[in-house]
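Each of the two complexes below includes chain A, the first together with chain B, the second together with chain C.
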Partner chain A sequence: MTRKREIIFSIVRGAMAIMIALLVAMLLIFISADGDSFGEKLSVTAEAMKQLLVGPIFRINATGIKFEGKRLADVFAAMIPTIFTGLSVCVMFAANQFNLGSEGGIMLGAFISAIVAIYMPLPRGLHALVCILAGGLVTGLVMLIPAILKVKLNVSEMVCSLMLNYIIMYIIKYLMNTSYADKSKGQIQTYPFLNSSKLPALSQAPIFTSSKLSWGIVIAVIAVVVMGFFMYRSRWGYQIRMIGINQDFAKYSGMKVGFVIVLSQIIGGFLAGAGGGIEMLGRYPSFSWSALPGYGWTGITVAILAGNNPWFVPLAAFFLAYLGKGCDMMATYANVPTQLIAIVQGVIFLFFAAESFLSRYRQSLVVKTAKEEIAAKMASSEEGGKKDE
Partner chain B sequence: MGDGVNREEYIVQMKQISKVYSNGVAANQGVDFNLKKGEIHALMGENGAGKSTLMKMLFGMEQPTSGEIVINGETTVLSSPSVAISKGIGMVHQHFMLVPSLSVAENVVLGMVPKKGIFIDKEKAIEITRENAEKYNLHVEPEMRVADIPVGMKQKVEILKALVRGAKILILDEPTAVLTAQETEELFRELTTLKKEGYTVVFISHKLNEIKEITDRLTIMRNGRSMGVYETKDVSKEDISRLMVGRDVVLNVQKDPAKPTETVLKVRDLEYVNEWNKKMLNKVSFDVRKGEILGIAGVEGNGQKELIDMLFNLNVPDAGTAEVNGRSIIGLPQAKIREMGVSLVPEDRMLYGIAGTASIEENVISDRCAKKELNNGPLFKMSEIHKLSEQLVKDYTVLCKSPAQQVGMLSGGNIQKVVVAREFSNDPALILADQPTRGIDVGATEFIRKKLVELSRSGVAVLLVSADLAEVMELSDSLIVMHNGRIVAYFRDAETLTDEEMGEYMLGLKEQTPEEIRRVCHD
Partner chain C sequence: MSNLLSNILSPGFFFSIFRISAPILYATLAAIVVEKAGFANIGLEGLMMFSALFGSLASYYAGSWVVGFLTAVIVGVVMSLVMGFFAFQLQTDIILVGIAINLMGSGGTLFLCKIITDITEGKAMASTTGLVTSGICIPNISIPLIKDIPFIGEVISGHSLLTYLAFLVCILTSIMLYRTSLGLNIRAVGENSNAAASVGVSVLKIKYIAIGFSGLMSGFGGAFMSMSYAQGWSQDMVAGRGFIALAAQAMGGGECLGGMLSSLLFGFAQALGIKFSAVGLDSNLASPIPYAITIISLAIFGFVRINRAKKPKVAA
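Right, the complex of A and B next:
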């Protein structure tokens, strides 16, 4: 199939998945909407859908619809951790390694960064950098566990990393309760981060003046660019992708398959960990996560929506953040349960992940292309064909 | 009148069957095939001749592009295996389709499970299996797990499975390939019993002795066409071999006489026993010299694949050595082997040759992605890569819109050109070409053959493995023939040989003396 048709297909497929998910959402909202008559329910549903679709960045009131920078900033802020976990999952899934450790990874990175932020005084700027790097590096090293077990002993990286998430979580909870607990507080949390470690808010940009959006979003964008180049313009990213497509081919071509598989998971771990640090230092005064934050799971959705392509990660993360904010808005202004987002996400995920969704349409495109090619070939080889007869 | 009788006589008639796969390979072209009730009918031909495709269509696994299938006098569309089964057709595949973790009985009744309430009635399943095993004289252990039973019994389970589902026509795809001599004998006894009871058997094989022993009639296929139907008693083994491996089209490749110089590849006493304890390589020794094409002829499955795998470290031999320019290559990583100038055009191009969903460009740089010329610090020199891929697409006349096109969407011939472009352009000292033109169109075939000759004349050592007799005889300067994992003949000059002679060596009817064979080692 031609590249153009491939792209058209992806877009149609994505749009269809989203449309179906929204329809399902609408139906569910309608069912759960307050109201006695059909009409009443319908108007509640319409209001809710309006909040879901435009609420995340516009304020809707009697006088009309008005753009609101703070809401957009919230959407951006929500994107920061999921961009990082999304990138992390992209790199690992591209190598055909179904490592689910981004979830524990982001928590671990956040915790390590927090410890460095509390106990290792350094000059402003440098401090944040060291925190983030420490979080990333430690997480990258921890990912060696599933990676090496996979390469050396063929242990399923999926099971291993999944279990690892809980090991990480419980170790962190233990440390938070013991050595690193701030006993003066009513809640289980660490001591506050040193000021020098904090990521400043992005208050220079005029539309975000009143928001708490940190410089983390800028780092996230840089990470996207770096990973985009890494995956599509460097020999390592190239090898990761080739191994993901056909490992036998990669081996036969002379690539160091084991090494690259390990490398992809170290990088995946680093990204998740660094993302955790950035999220922590940009948003929280001290470490108080008592459970897995869920960003890793969202990262999987992001990566699948983005087709494991880093360049599409911000789009996918924006879409999910927008949807999340929309659901918050629905909950606040239209009285719709916020849990609905999980269902909407689930439906979209289902249709994206379903390989044969719209496969007939795809087949028709393939056949069309093949027919054109055969016709072209016939035309060009007419002479030669006659000779063979 | 005779016509009318014939129509009655045949229980299956496949008329003018053609099959073109979606990748453009024409596997069957106007094939006629028929079966009489109660016969054992051999379907012969080399790999890639179209036997399996034809039988898959009879079993409903593939649909013919054109042609007609008549079963019991009725034109039938076999849209799926379940339709074929309902028409009394059963197939035993070469690779068994059994669930290893289930018991024999559970496998036999799979899909038609006797139930007791919501549970499987295991007793009943075992009973059914036992009854049928006795009825058809196929000895199996109903309660054992399939994973724990020997290969011969697995095959019986497969046959039972088909019979229990009401098959009157049994298709056996190379049933003896995995069996020992004793198991083969037992199978033949069982098939004879079935025949007496009025069952019809299609027996796919290329083993002449077996065919002569057990079949009544045979259909020979070559290059997707039927070479005719014969009464087994009327044709000699030599006739069969000639019909099977003879050449169709003489492609003329211009070739100067070879001027071989020093030895590049030196293989000594390679031995390998596969996982089914079959000796695939038995003391294989030969040399390939700079500037010559050494061909390996032989019916597929006689150790050629294993040999190539050893030379590219895709498998490890049990004993023996292989050296390229004096350095051992056994067990070296592929990157090192490639560094020494070895290129491989793999037999299975979809498995090893390409990354299907990647672009042509990404496929031609896979062996050199870390090279200095293509990298600028941590990043690729994209302009160089574009230049390289455009050049290769042009030089190797790959029919595509641009190098950015997905390689898996190309036709078989063009995919092979992409593989060849990569393998021939990395300045090789030794090219291992394993079935380089299998299943691709005439144009691409001719192109690849010409390239091979061109490279050999420019001083590359070429080892050519091909089941295509015409190819291996025309291209090779010298030839060795493999049979049963051994080299059975060496011909210094490939041009003096006749097809008949070759056929006899390939099918194991003749063999040279060890001294004659030893001449391939130019010590």
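Right, the complex of A and C next:
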């Protein structure tokens, strides 16, 4: 198949998956809509869908539709943690390691960064860097547990990392209850971060301001570029992808499979942990997470949508953040519960991951290409024949 | 410490081990059968969430636990067959299908609960705990004669119907796997699906049966969670039991008896955690114990397995 047709196919396939998910969403909204008649329900559904699709960027009211920079900034802000978990999952899944530890990883990274941000005074700038690195390194080290158990003892990294998520959550909760909580507050939270550790807001311009959008987004973009080059332009990245495609081949061609598998999970852990730190320092005044944040699971969706390719991670993260914001808007203005996002996300996820989804269409494209190639060959050979005469 | 010990040596403690183990055992059996058929279903967590929600809703609207229980089971089976459709027909990686079901199972159930019942607690939460009363829960059964035996009677008698059923189903599953042609086919497909196909076994059908069985077990487990273990469904109530089951399956060597013993071990660890908080220790310190035990025991089993695999080579 030609490259152009490959691209057309992926676009059609993605669009179909999204369409199906939106149809499911519409159906659910319609069923749950308030209203006595069919028409009434339909108009409520239409209103909710409008909020879902354009609400994340535009304000809709009686006078018309108006661009809202603040909402767009919120969408960008929501991308920060999921870009990091998405990259983290990409690296691990690319090596065919189903490590699901990004969920616990981002919480651990956030917690470690928070502790460094509170108790280790350092000059401005350096402080944030140390916090983020500490969060990333500790999480990377924790990911050694599933990685080494997998390589040495063939223990399922999936089960092991799932268990680690819970262990991390409970230990953090225990530490919060016993040692690090600010007892003067009603809610369980740490003391506030030192000012020197905070990531400043990206923009003060009134059109594009959001208290949630920090310089973290810039760090996230840098991470995407670094990981993109790492995966597609470096020796280790090549080995990670090769092991994911065919581990036996990689082994017989002399790659250190065990080392690379461990490496991919350390990098995955580092990215998740660093992402947690960046999210914490850019958005919150103190650490108060009492449960797993869910960014790890969204990260898996991001990685699947991006096809484990770091270059597509920002696009996938933007799409999911946009949908998430749309669901929030729908909850606020159309009274549809915001958890609809979970179902929409799940359906899109399923159809993106389904390899044979639209395989007939793909087949028809392949056949078409082959026919054209044959026709072209025939034409050129006929020409050649004429010359001979 | 002596306080903790006297708490542990009470019949109530042993009673709670069985009660806590039952849903884990159901999910473990689900994991065992699909593993025998050659794949892994990590969506058990999500399946149990859906079953638990719809079971509790149906029992409330119908006013009968039987209807609720059947609904939970049907929901579990239907959803697992949909998973099978994506995995076998659309060639989706079965692990990714499981992740998708879990994604929907945690947020999606809350969404469905909100739109079906119109109940919201505060702004964000919703549950069916206000709807389900003890009358429409799965009944507890006290066994005549045995219930009068001191200590043992208190431990064994008075459990939920589904708790007894869990151990019965465990035996039946073992018989199914090793004494019936269906079980033979399931194991053959898992061992070598090409060989099974060559002798006329429909591999696709067997795989559907296996994943359908895992949905059935998740239905039992989900019904137990929302209609016996707790009264009503609440968000994330399954709390990782579907994942623990994967560990119990691996720890039990993929066999029913081993799976049952490791389920009981997890039940023991959780019951211990509850007793920890009863004597004033922070429960967050005890809660991670089962998860840590899982990792440690998986490591030990892996170590033993690898050593066993090495030995014949040394002898040769």
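Definition applied: the second predicted complex is superposed on the first by the 349 of 389 C-alpha atoms of A that agree within 3 Å, B and C clash if a C-alpha of one lies under 4 Å from a C-alpha of the other, contacts with A are read in each partner's own complex, and residues count from 1 in each chain.
The rule is simple: a contact is a pair of C-beta atoms (placed from the backbone, for glycine too) under 8 Å apart; a residue touches a chain by one contact, two chains touch by 3 or more.
Keep in mind that this is a model prediction, so the values were computed, not measured.
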| item | value |
| --- | --- |
| Which of chain B and chain C A:Val155 touches, first, second, both or neither | second |
| Touch count on chain A, higher of chain B and chain C | C |
| Which superposed partner A:Leu23 touches (first chain B, second chain C, both, neither) | neither |
| Touching partner for A:Leu129 - first (chain B), second (chain C), both, neither | neither |
| First, second, both or neither for A:Pro337, with chain B first and chain C second | second |
| First (chain B), second (chain C), both or neither touched by A:Phe249 | first |
| First, second, both or neither for A:Phe229, with chain B first and chain C second | first |
| Residues on chain A lying within both footprints (that of chain B and that of chain C) | none |
| Residues of chain C defined as touching chain A within the complex | 40, 42, 86, 89-93, 95-97, 99-104, 106-108, 110-111, 114-116, 120, 126, 240, 243, 246-247, 250, 282, 284-285, 287-288, 291-292, 294-295, 298-299, 302-303, 305-306 |
| Touching residues (chain side chain A, partner chain C) in the complex | 28, 31-32, 98, 100, 145, 149, 152-156, 158-160, 162-164, 166-167, 170-171, 173-174, 177-178, 294, 297, 300-301, 304, 336-337, 339-343, 345-347, 349-350, 353-357, 359 |
| Residues of chain B that touch chain A when the two form their complex | 22, 24, 249, 312, 314, 333-335, 337-338, 344, 346, 351-358, 362, 365-367, 369-370, 374-375, 378-380, 382, 399, 401, 404-406, 409, 411, 442-443 |
| Chain A to chain B touching residues, read off their complex | 1-3, 6, 229, 233-235, 238-239, 241-242, 245-246, 248-256, 366, 369-370, 373-374, 377, 380-381, 384, 388 |
